[in-house]
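Listed after this line are the structures, all set down as C-alpha cells.
Below, chain A partners chain B and then partners chain C, in two separate complexes.
Entry: the complex of A and B
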C-alpha cells in the first residue's frame, strides 16, 4: 500500500468545487487499488515506516465502501506476517523495529481479514506474544504506555495497546484502572484532553483518551457536556472540523472529533449536512481519493478518515463503522461476540 | 556505484538489500539510488550492531533524507552514548533538522534523551524561540517545553514573561494560553494565592476586551473562576459588557452570551432569560451548533439543572 500523495487533488481539476457533489464510491475503490501498484516512486520508499498502517487505512476504507475483497487477501496477510518481530510486536515494514502503532494496525488488519488463526498457524502462540509485547510497554506506575523499547510515552500508545488487546481478548494483561487514572490526569480546564498531563487539548488526543475510557467501560469518568461542548466548537463555518481553537479545518478531524462525540452520545451536536458537504468537496471526483481540505493532494490516510467520518454521519452507501475501533462494525461484532 | 560503495571506509560492509516481504508485484522497484544504497548499508551495520562514528554519519545521512524512519533514531541514540559523542554538536545538528521538519515526531523524543543526558537546558529557550518563529502553535514544541520546565524546574525562570510576549504577538494562540495555565496552576494541586487568582482574572479580562470573540481567554477565565471556587455568577457584570438579551442585535461575543445563559440558568428566576440567550445563539450567533444550544435549553426544563 503506497502512502504517496496524489496524483489528484480534492475538488474538481480546474480548482472549482461542485455545488452538489456526491460520494464517488467506485473512484475511491479504484484509487486505493492503484496505490498497491505505485512502487516506482521515491515516496513509496520514504513512507516505508508507515506501511502497515497504510494497509489498515486502505483495507478499512474498502470495507466501508462495500468492496472488502478489492485487494489480494493472501498478499496482504503474507506482508503483515513478514512484519512480525521476535519480541512479539510488529514493525511498520519488514526489518523495522516493533512499535505499538504498527502492532495495532497489524492486529486490526489480521482481524479484518479474519486471519488470526492463519497467523497462529505460522507463528505458534502468536496472540500471546503480541499480548506480552503490549503489556510490557505499560508503565505500571502511571498507567500510560510507551510506543517502543525507547520509552516515549503518549496517550496514543495507551489507546493503541488497549485496542489491540481488546481485539485479542487479552485486556486482562494490563492495569486498566491505572489507564483511567491517567486519562483523568490529562483532562484540562476546558473539559478536553491533551497528550499528557498539562498538554493543550487536541481533538486527536481526545479520541485516544475517550477511546481508552470506552474500552475500560468508564465513559462516566469524562465530563460529558463540557467535553462535547468543546468538541462541537471544532466545527467551522465552512462545515469542516479543526483540532484546536484557531486552527485550520482538516478532513482527518472528521474522525477524531466525530468518533469521540459518538462514544459519549453527542454526535448530533455537529451540523451533519455541512460537514458531509465539506468532506465531499475534498474528494477528487475524477481519480478518487480524499484530501485534507479542498485543493490539496489526496492520500490514503485522509481517504480512510474521511470515509470513516461519513460512515458515522450515516452516509448511505457506506458500511457502518465502529467509533471506538475505527473498523467495520460488523467485523468488530464478529470478533468481540464470536 | 555510489557514495558508500566507492568509499574505502565502507569496503568491509556488504549492504543488505530490501526484503519486501510478500510476493513482489508488478512494477519495477526504482527507489532513488542514493537512498536505496544508504539503506543497504544501514541494514548491514544495524545487523552487526556497529557502534562507530561512520555509522553515526550514516544515520545522519538517512535522517536528512527521511527523518520519520523511527528505527534509525533509536539506533542513533545508542551510538551517540556508546561512542561518547559530543552531545552539544548533536544538539546543533538537531536544531537544523527540527527547523527543516516541523511535523516530525521522532526528533523530540531524541532531543529529550540527549538534553536529559547533557543535564542542562542551556540554549533550549533560544532554540524554541526559533521554532516558534515558524509556527507558534507547534504541538511537539509545546509538549517538549513542558518537559523542560518539569525536568529543570523552570517554573519561575521567565516562562510567564515569554508567554506574555507570544500572546502580545497573537492573542488567539491557544497553545500559549494553555502554557500559561500550566505555569500558573499546573505545578501542583495546592491552593493558588488570592493575588495570583486576581492577576489571572485581570489578564484574561484584558485579553477579552481586546478581542471579545476569542475562545481561549473565555475558557481561561471560566477555568480560573472554577479553580478559585467562585461561582460563575461572579462574572455576570463582566460578561454583560459584551452581550445583553435586551439588545439582541448588539452582541459582541457569542462566548459572553453562552456564559450569561449559564449564569441565568442557575438563578432561581432566570430560566426564561437563559432560554432567550440560548435561542439567540441557536438562531443568530452560532447556528452551526443549534443542536447543542437546544440541548442546553432542554436542560432548563429539568429540575435542579447543572448546565
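Entry: the complex of A and C
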C-alpha cells in the first residue's frame, strides 16, 4: 500500500492555470487512489521510507474531500499494523526501523479509521506499548524528544510525541511543563520560533512549537501579536506563503503558517481569498493533485497540506480540519470527547 | 520528501518504450539490492561487506533512514572488534592513537568523506546531518581530544563551503552553531568575535541574508559577555549596530530582513518581559533619546520611499513603544498615527485584518 510516490505526470503549462480555477475534488480523489498503482515508477520504490506518512496524507486528504471510504479500509489497517515494531514504535514501511514521525502518522491513521480496538486485538496492550515507546524518547532534563533510539532531538519530535499521546489519552506519561519551557527557549525576538534555542524563526518550527503549546494548554505562553505579525508577513503578493523572510512561497506553508495563526486566533491577519486562489493554481486540473507552486509536479504531501489549508480557509465542499491535530475535526472530536 | 520546485512538463510526458524499459531495469536493480541489504540486516550481519552494501544502497537513496541505523550498528561492531583485538593499552589517555583508535579514526573519517558528495546533492536531507553528528560524537567518545578537535575543525570549513553555495540553508546555519559550540567546548575558548566578523562578511555580500542578521543579533550578547564589556562598550556596540543597519536601510528600505534586525535592536532599547537587553543599564531618559533618534531616522527614510510599507509599520510599532515609555508624547501626533495607518492599509492590502486590529488597539 503506497500513497507516496508518483508526482502527477504532465499537466498544463504556465498561463493555463488561472482561468477561473476551482477545486477539482474528483480529480484529487482519483489521484490519491492511483498512487498505489505506480509500481512501474522508480519513485514508488525510492519513497518507501515515507509509506506510513503517505497513507496519513492521502487518507486525511480524502476525508477532507468528503470521500473517506475511497481507499480500502482493511488494506490500510493491515498495512499500518505490519509496520509496528517490537519496541512499540512504527516504521515507515514493513522492515523499516521505528521512528517518532511514522509512529505519529500510524496513530493518526488508526484513529482516523477508528481502528484502535482492532489494533489492540492484534497487538495486545498495543496502545500502552506505543505510549511507552514515545515516553522513553523524552529527555527528562531538557524536555526535548529524540526521533528514535539514535538520539536526534528536534521540536518536530516533541510535537509529534505529544500529539500521538494526546490521541491515545496518554499525555500523562511525559513531562509537559518541560516541553513548554523548551518551546519558550526556542522563541526569538520576533515572537516566532526556531528549531532550537538561538535558531532562526521558521514557519514549520512555529507550527511544532505552537502546536506543543496548544496540546499543553499553554497558548498563553506565546507572544501572540508579535508571532501573528511575523506569520502574516509570510504572505507574498501572489497570495502564497513562505517559510522565512525573503524565501519563495510554497503550498505546504499554507498549513504550517495558517494552522499556527488559527491556533492563536489570528487567521484574519492574511488575505484568505488570495491564498485560496494561489492554492487553486497549484492544482493539476487534469490529473489531480497539488504542487508546491503553480507549474510544478504534484505530490500527495502538498495535496494534503494544500487541502488542509483550504479547509482552514473555510473552502465550501471541504470537511473541517483541526488546526492542531491536522486531522478531520470530526475525528478529533470523536476521539477526545469519546 | 516531496517534490519541491520540480517543474511540471508543459506537455503530458509520454515515456518512450526505451525509457520505460530503462526505468523498469533500474527498479529491478534497486529492489534486488534493497532485498539483499534487508536480508543481511535480518541476519544481523555486521560485517565490512554489509557496510559496503549499505554504501551502495544509501547512495541511491539517502532518505532510506533505516539504512543509516543499520550502518551505525555495523560501525559500532567494527569499533568493538578492533577493541577486542587488543591495542587499547593505556595509550588512549595520550594524543597518540593506539592501533584500535587508528582503525576507528579511519572508519569515521571514511564515513565523513562518504557523506560529503551526498550533502551537496541532498542539502536538505535530515538523515545525513543526523548521521554526521553521530560520527563526530563517536569520534569524541572513542578518540583522543586532539583528534576529535581536528575532525570538528574540518566541519567548520565544510559548513562554510555549504553556506557559500546556499547562504540561507537552514541546516547549514544550524550546523554552524553546533560546530562552533563544539569547538568552543573542546578548545575552551569563545569564538563569538570571529563568528561576528563572519556575519559581517556574509551580510556585506548580501544585505538580505536574514539568517546572517539573526545570527549576528544572537552573537552580540555573547560577544559582550565574553570580553566582560563595560557599559560604555555596550552602548557603543548598540550605536555601531544602529549605524550599520541604517546604512543598509538607506540602500534598500524595502528589504524586510533589514527591518527584522532594526526591530531587534529597538527591542534592546525597550526590553520586553522576559527578554534582556545587551545594554541592561540604560536609564529611562537614554531610552527615550535613543528611541527618538531611531524614530526620526526611520521617518527620514520615507523621503523617496513613500510607498514603502515597512517604514509605516516600523513607525507605528516604535510609536507604541514610545508611548509606553513616555505618555506625554511630543514626537508625533495622533494625526501622524492616523496617516501612517491609512498609508499602511492602502499599501498592504494582504494584511487588512491585522491593520484593522491595530487601529482598534491604538484607539484611532
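Note that the second predicted complex is superposed on the first by the 323 of 338 C-alpha atoms of A that agree within 3 Å, B and C clash if a C-alpha of one lies under 4 Å from a C-alpha of the other, contacts with A are read in each partner's own complex, and residues count from 1 in each chain.
The rule is short, and it goes like this: a residue touches a chain if its C-beta (ideal position, glycine included) is under 8 Å from a C-beta of that chain, and two chains touch if they have at least 3 such contacts.
As the structure is a computational prediction, the values presented were derived from the model and not from experiment.
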{"item": "Three-chain arrangement built on chain A, chain B and chain C clash or fit", "value": "clash"}
{"item": "Touched partner set for A:75, first chain B, second chain C, both or neither", "value": "first"}
{"item": "Chain B versus chain C as contact partner of A:322, first or second or both or neither", "value": "neither"}
{"item": "First, second, both or neither for A:91, with chain B first and chain C second", "value": "both"}
{"item": "Touched partner set for A:198, first chain B, second chain C, both or neither", "value": "both"}
{"item": "Contacts of A:37 with chain B and chain C, given as first, second, both or neither", "value": "first"}
{"item": "First, second, both or neither for A:296, with chain B first and chain C second", "value": "second"}
{"item": "Partner chain in contact with A:252 - chain B first, chain C second, else both or neither", "value": "second"}
{"item": "Touched partner set for A:83, first chain B, second chain C, both or neither", "value": "first"}
{"item": "Clash-bearing segment of chain B, relative to chain C, as chosen among 3-11, 21-29 or 183-191", "value": "183-191"}
{"item": "Where chain A meets both chain C and chain B, residue numbers", "value": "39-40, 42, 45-46, 48-50, 91-92, 95-97, 99, 148, 150, 152, 188-190, 195-196, 198-202, 228-229, 232-233, 235, 237, 239, 244-247, 268-271, 274"}
{"item": "Residues of chain B that touch chain A when the two form their complex", "value": "18-23, 25-32, 35-36, 39, 43, 65-66, 68-71, 73-74, 77, 109, 137, 139, 142-143, 146, 172-175, 178-179, 181-182, 185-186, 215-216, 219-220, 222-223, 226-227, 288-292, 295, 307"}
{"item": "Touch list for chain C against partner chain A, complex", "value": "1-13, 20, 23-24, 26-27, 30-31, 34, 38, 42, 60-61, 63-66, 69, 72, 126, 130, 133-134, 168, 170, 173-174, 177, 208, 210-211, 214-215, 217-218, 255-257, 260, 263-264, 267, 272, 275, 349-354, 357"}
{"item": "Interfacial residue positions of chain A with respect to chain B in the complex", "value": "36-40, 42, 44-46, 48-50, 75-76, 78-79, 82-83, 91-97, 99, 148-150, 152, 188-190, 194-202, 225, 228-229, 232-233, 235, 237, 239, 244-247, 268-271, 274"}
{"item": "Residue ranges of chain A touching chain C (in the complex, touch as defined)", "value": "7-14, 39-42, 45-50, 91-92, 95-97, 99, 148, 150-152, 188-190, 195-196, 198-202, 223, 228-229, 232-233, 235, 237, 239, 244-248, 250, 252, 266, 268-271, 274, 284, 286, 291-293, 295-302"}
